[in-house]
Amino acid sequence: MGREGVLNWVVALALLAVPLAAHALDEPFIVTLATKVAILALAGVGLNIALGLGGMVSLGHAAFFGIGGYAMAVLAAPVQAYEPLMTWPVELPGTKSMPVIWLAATLAGGLAALAIGALSLRTSGVYFIMITLAFGQMLYYFAISWPAYGGEDGISIYVRNGFPGLNTLDPIQFCALAYGVLMAALLFSRMLARSCFGLALSGARQNPARSAALGIRPYSVKLTAFVISGAITGLAGALFADLNRFVSPAMLSWQTSGEIMVFVILGGVARLFGPVAGAALFILLEHLLGGVSDYWKLFLGLALLGIVLFARGGLIGTLAGREVAHD
Amino acid sequence: MSVMLLIEQALNGLQYGVMLFLMAAGLTLVFGVMGLINLAHGSLFMVGAFACAAVAGATGSFWLGLAASLAAAAAAGALVELTVIRRLYARDHLDQVLATFALILVFSEGTRWLFGSFPLYLDIPDALAGPVTLPGGIDYPLYRLVLIGIGLAIAGALFWLIGRTRLGIRIRAGEADREMIAALGVDISKLYTIVFALGAALAGLAGALVGALQSVQVGMGEPVLILAFVVIVIGGIGSIKGALVGAILVGLTDTLGRFLLPILFSTFMETSAATSVGAALASMLIYILMAGVLVVRPGGLYGRA
Amino acid sequence: EPLKVGMITTLSGGGASLGIDTRDGFMLAVKQAGNPDLEVVIEDDQRKPDVAVQLADKMIQSDKVDVLTGIVWSNLAMAVVPAATAQGKFYLSTNAAPSQLAGKGCNPNYFSVSYQNDNLHEAAGAYAAKAGITRAFIMAPNYPAGQDSLAGFKRFYEGEVVGEVYTQLGQTDYAGEIAQIRASGADGVFIFLPGGMGISFVKQYADSGVGLPLIGPAFSFEQTIIQAMGDAALGVLNGANWSPDLDNAANTAFVEGFAAEYGRLPSVYASYGYDTANLLLSAMAKADVKDADAFRAALRAADFDSVRGDFAFSPSQHPVQDLYVREVVRDGDILTNRIVGTAIEDRSHAYEDACKM
Amino acid sequence: MTEPVLDVRNLQLSFGALKATDGVSLTLRPGEIHALIGPNGAGKSTLIGLIAGTLTPDAGQVFLSGRDVTGTDVVARARAGLARSFQVSAVAGELTVLQNVVLAVQGARGQSFRFFRPALGQADLCEAAEAHIARVGLSDRRAVQAGDLAHGERRRLELAMALALCPRAFVLDEPMAGMGPDGAREMTALLDDLRHEAPILLVEHDMDAVFALADRVSVLVSGRVIASGTVAEIRADAEVQRAYLGEEMLE
Amino acid sequence: MTPLLEMRGVTAFYGHSQALFGVDLDMAEGEVVALMGRNGMGKTTTIRALTRLIPHRAGAIRFAGQTLDGMPAHRAARLGLGLVPEGRRAFRGLTVTENLIAAARPGAWDLARVHALFPRLAERAGQDAGSLSGGEQQMLVIGRALMTNPRLLILDEATEGLAPLIRGEIWDAIRALKSETGLSILVVDKSLKELARVADRAVILEKGRTAWAGPMADMTQDLADRYLGV
């Protein structure tokens, strides 16, 4: 195991130990913060597949994040209002079951990524950044001005959705759930990176012309990765909405896309645990600086600048050094 | 709906487009020509507006304010280039996104720290205030006509600078291969500082000119920034001509869409719902336009990609 | 037994001026009262709903606050209030009071000290006829608060609506809308364009030379922003429930105290913050917050000197108050508002009947 | 006579007013090396682009093993058995030599959408890749990132990747470019060997290599084939000398 | 003869891997020196260190009486280093003429003279350099280096990928440059025959070190076998 492997374990264990300790010390808010880190890291893991492995710099991942959130609210809100989800063509009830909601959010995120990716991947480079941003903004404005789902006010669900065998309202149990999902996604992402598909994706990123000449369609490979990426980020959105028991267009805004990207870059692009380290650092900074002064964002900005200028390769990159070639 | 109203709206669209161009021009210089994604370009727009408002407020002269906006934005741009941006050319777009994202925070909160949280006062200079009557009987604000003129003049000047002068050629060469142009004896760093300052000055000028029409407040740059991105992506990155055409296209689409869509929907919907649905669609329209253009022409209208 | 208040408000970014005034008004009352039993925790929500929710969680879980307050924006309130009241905490609104929380969603632990969101639009609508507007052109951003505002205006407005336009949230250029106003044949314009949108519109409107009377809710013509509009704002009418020139002892003391403490004139947000703190202090004097029923009754009694004069709560726990119309005037160097008439007396709100409480 | 593996019929392509490919017909028969030479800008790379499918002709057809592939794209042609190398080395710089070749092997076998097993954990993939790497003499560089290779090594890697496709035809754009004398010699030997697996359409300016290897030579000038024949015929062709070889080659 | 260039014990790294282990290279004014060695022996790296495109870690480089240690590339270039880099790095997105103008510094070489040397560049004057054929690009970058009016022209595989006819023309041009203008030239090329005709001296690199240096005439078949694999 190389340095990066050790580091990954440290990060993973810390993210487990902190909420447990906080729980023991009766500091439920710290547990909530750790949950937030885990969920935002999950969104980052999703983005990292597109960004790190596939080189697709998407500034529109808030779209999938928000869609996942809305999937949760659209399914759960009817239950609390004692109404069916839809009556035509078949009557379908809403649900407050997390596994069902997760499935729906993953599918919704993936489908949205399929549509957006299919169009966006016709472009590349800076154009890709901007067209994904444009799709994100399109959904954002749609969500704000479309009255059906609360517009800018968003939708509140008052009670967190349920997971069989767990009391999700208990912060530590919900945290454990989020942590479990994050770890599963990390495992999946690691497997993906090493698989044939991961290699094909890497090839498509570095030299699409060569990939095509080898009979590998870069477009299909990238689109597949983009869909997987959107699906994971959608799942994170559903969890995030459940954490807050609330969803609003703010989840879809370009600032959200920017922040998810910041997590990834801060932690280390294409590093397995990059998003986790990045999200943790960002939330930590936000909460440490938040109390310092009214102008705390000035310091946050300076801190981010310092990191990007002097800690190349993000947190993991700086601490673990250059990636060693696999076996 | 009269023809005159439609013409007036088209003029409004043109003027809005030219306003966007002022912002997009600086951005396309930096973004296209130097190959740098500068999310903080909107902050320089804000710096220009605040500098103009502060100086105009203190001296009572809009024109002094305008000069101050150019100076302040150019200085801020040069400073940022020397301390931050300079280290980012060799990095990929990601680091640039992160660093300039951080710069937005620094600029916004720094400005708030200096000027407080309340919007500042800045108004159109008296000489340009009020409407003039155009042929055809349209009353149109003089200031907006002047903006159209300034925007087009700047477009011409930039077109010449980038396309025709040796400075412009060297800048573009530097974008294609920074190392090679240095190996040919061109001090690309100095060149980039100048270009970045120039782009910043343009943004600052736009901020000051637009600030007289709008609210001078912290965060004013971000919505314009996104629009400016849309503009240059539609036009094709790095192309001044593309920025101009894109800006005018966006201005017209947005203005006419906001005006015509509710009318269109009200032909088959109840008015109140039609205005709401029409407005919802109108707010998405330029993004739809952009996506449409990129799907058909992945490199934008005048792009090389 | 001390009482802990958690204030969640917007202190950074574009909307910071509103939150800062809310906080400053609130803290002025706290300072004047000098009650050592009142402890205040203040946090910045960055105008982000998810941040507001997490701050509420933090204040409830870690700081163990009894009362929450301070939220400026309706969408943030919708994110925080239902969950907070469900956990048995009191929420006192210093500004945002969306219809959902006034009607079906009313809650015994939720009090709005400011108004119900529609009130100030209703005041504008009711007064429009008196101001000679019979053919109104009405305009608001296309989001729930905007849609509510046009509905609120129309509720009491008796003339004809010749044009109804939804603009984009955050829009900065209104040339298109102004052209439509000019072409519409209206004799008056109602706008609800909060924050920078209002500044942009008013400046452009003044420059266009259209010159029709302009009326709106107080938010668009508040102390925090009219300075930035300059003379363009002069003469604009706006519906309000408070004004710096409102003639009562509490108000005079507040306006002077605020100016002395912070060196600027207070806004409506400051007045709501100030009233909220005083309401809280009055309830503290009567009951212990740990006894929720007694404390609630003490709040309901509203036994404090409001800067708005007479103040009482309706059954849904929203104010019953007089609504005025103000005009922007120049007072020496600065612009401010003066009351020009009463629009509606003893107004509660339109959703009262839906509240089962 | 055996049926040609690659059959190009009357291809045309213009860039604006410039006729880059002006009615080119040529064939590639099993087992042969067919060299395509011509002055700079004659349209050789353009022709390769048309054959490989990166460019779409204005008119004309391309047949691969008797099948008309004119309307298909690069990927389809690669799968149909066309292996090309690029005039400017095109490899995945951040991957190792081994990974690059594994990528080629899995591309050829259509295994790129396997999500689960590690690519380098699959013995069959790796063994095949190693064999191709050994063939071009890069075995001791297999763990080096392709971006760190010297120019000549990168050209060999390119060839290994083309080999990995087990193609029906090779289309190679200047494989010798930038190679030193010994490198060029090795490459010549390698190509000589390769022709038994699949015929080679070879674009090359290295006349030593061309004359040593080619069974047939076609000369492209201004988008047209001005001459075609054996090495001896071409060397003797006065027009070719004037247009391409110059005086020097007469010695 | 006045020394124009002195490189002493130069070492250089790419990241952590060392590419140069101690290169010595001397040139006098007006001399044509062939830099030779097998693939990957460090010829390009030596040139990159000389033109300040990468820093050298140890050793010293002096050019035209000035030390280049720590000097940025553009200043070194202005001292008179004209580079034709390996791999044809024409400026894509610029026209042929713009490519030439971008490099121009006053002197004997101007657009007309470059056009006279390579008439093809005049024909393609308005075309995007990125869409030129490989050989056309090669002519362009040689022309571009000449436009800087260098004291030392550095040609790294300048004839790579050129048709024999053109290659011959370029060698003619190099010889003409040598005899008519007395320009100093550092040349890397794989054609030993051509190098033998034009170069005064040769420097051979082996594994990042100077293995042999001496007059071209002293290059024996034995040396060539050992170091160049001919």
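Going in written order, the chains are labelled A, B, C, D and E, and every chain counts its residues from 1.
In this section, a contact is a pair of C-beta atoms (placed from the backbone, for glycine too) under 8 Å apart; a residue touches a chain by one contact, two chains touch by 3 or more.
Predicted model, so just to flag it, every value in this text is computed and none were measured.
Chemist: Which chains are shared contacts of chain B and chain E?
Modeler: Chains touching both chain B and chain E: none.
Chemist: Please name the chain that ends up farthest from chain E once chain centres are defined by their CA atoms averaged.
Modeler: The chain lying farthest from chain E is C.
Chemist: Between chain A and chain E, what is the separation of their C-alpha centroids in Å?
Modeler: 50
Chemist: At what distance in angstrom does the C-alpha mean of chain E lie from that of chain C?
Modeler: From the centre of chain C to the centre of chain E is 74 Å.
Chemist: In whole angstrom, how far does the Cα centroid of chain A sit from the Cα centroid of chain D?
Modeler: Taking the mean C-alpha position of each chain, the two centres sit 44 Å apart.
Chemist: CA centre of chain B versus CA centre of chain D: separation in Å?
Modeler: 48
Chemist: Please output the residue numbers of chain C that touch at least 2 other chains, ranges allowed.
Modeler: Chain C, residues with two or more chain partners: 12-13, 142, 147, 166, 168-169.
Chemist: Please list all residues of chain A that touch 2 or more other chains.
Modeler: 141, 144-145, 147, 295-297
Chemist: Going by the touch rule stated at the top, which chains touch which?
Modeler: A-B, A-C, A-D, B-C, B-E, D-E
Chemist: Any idea which chain D residues touch chain E in the complex?
Modeler: 15, 37-43, 45, 87-88, 148-153, 174, 177-185, 205, 207, 243-249
Chemist: Provide the residue numbers of chain A that touch chain B in the complex, in ascending order.
Modeler: 51, 57, 59, 119-120, 122-127, 129-131, 133-135, 137-138, 141-142, 144-147, 254, 258, 261-262, 265-266, 269, 295-298, 300-305, 308-309, 312
Chemist: Spell out the residues on chain E that touch chain D in their complex, using ranges where they run on.
Modeler: That would be residues 14, 17, 37-40, 44, 86-88, 120, 131-136, 138-139, 157, 160-168, 190, 192, 228-230 of chain E.
Chemist: Give the list of chain B residues in touch with chain E in this complex.
Modeler: Touch list, chain B to chain E: 166, 169-170, 172-173, 175-177, 179-189, 238, 304.
Chemist: Mind listing the chain E positions that touch chain B in their complex?
Modeler: So the residues of chain E touching chain B come out as 51-53, 72-75, 77-78, 81-83, 85, 89, 91-94, 98-99, 101-105, 128, 144-145, 148.
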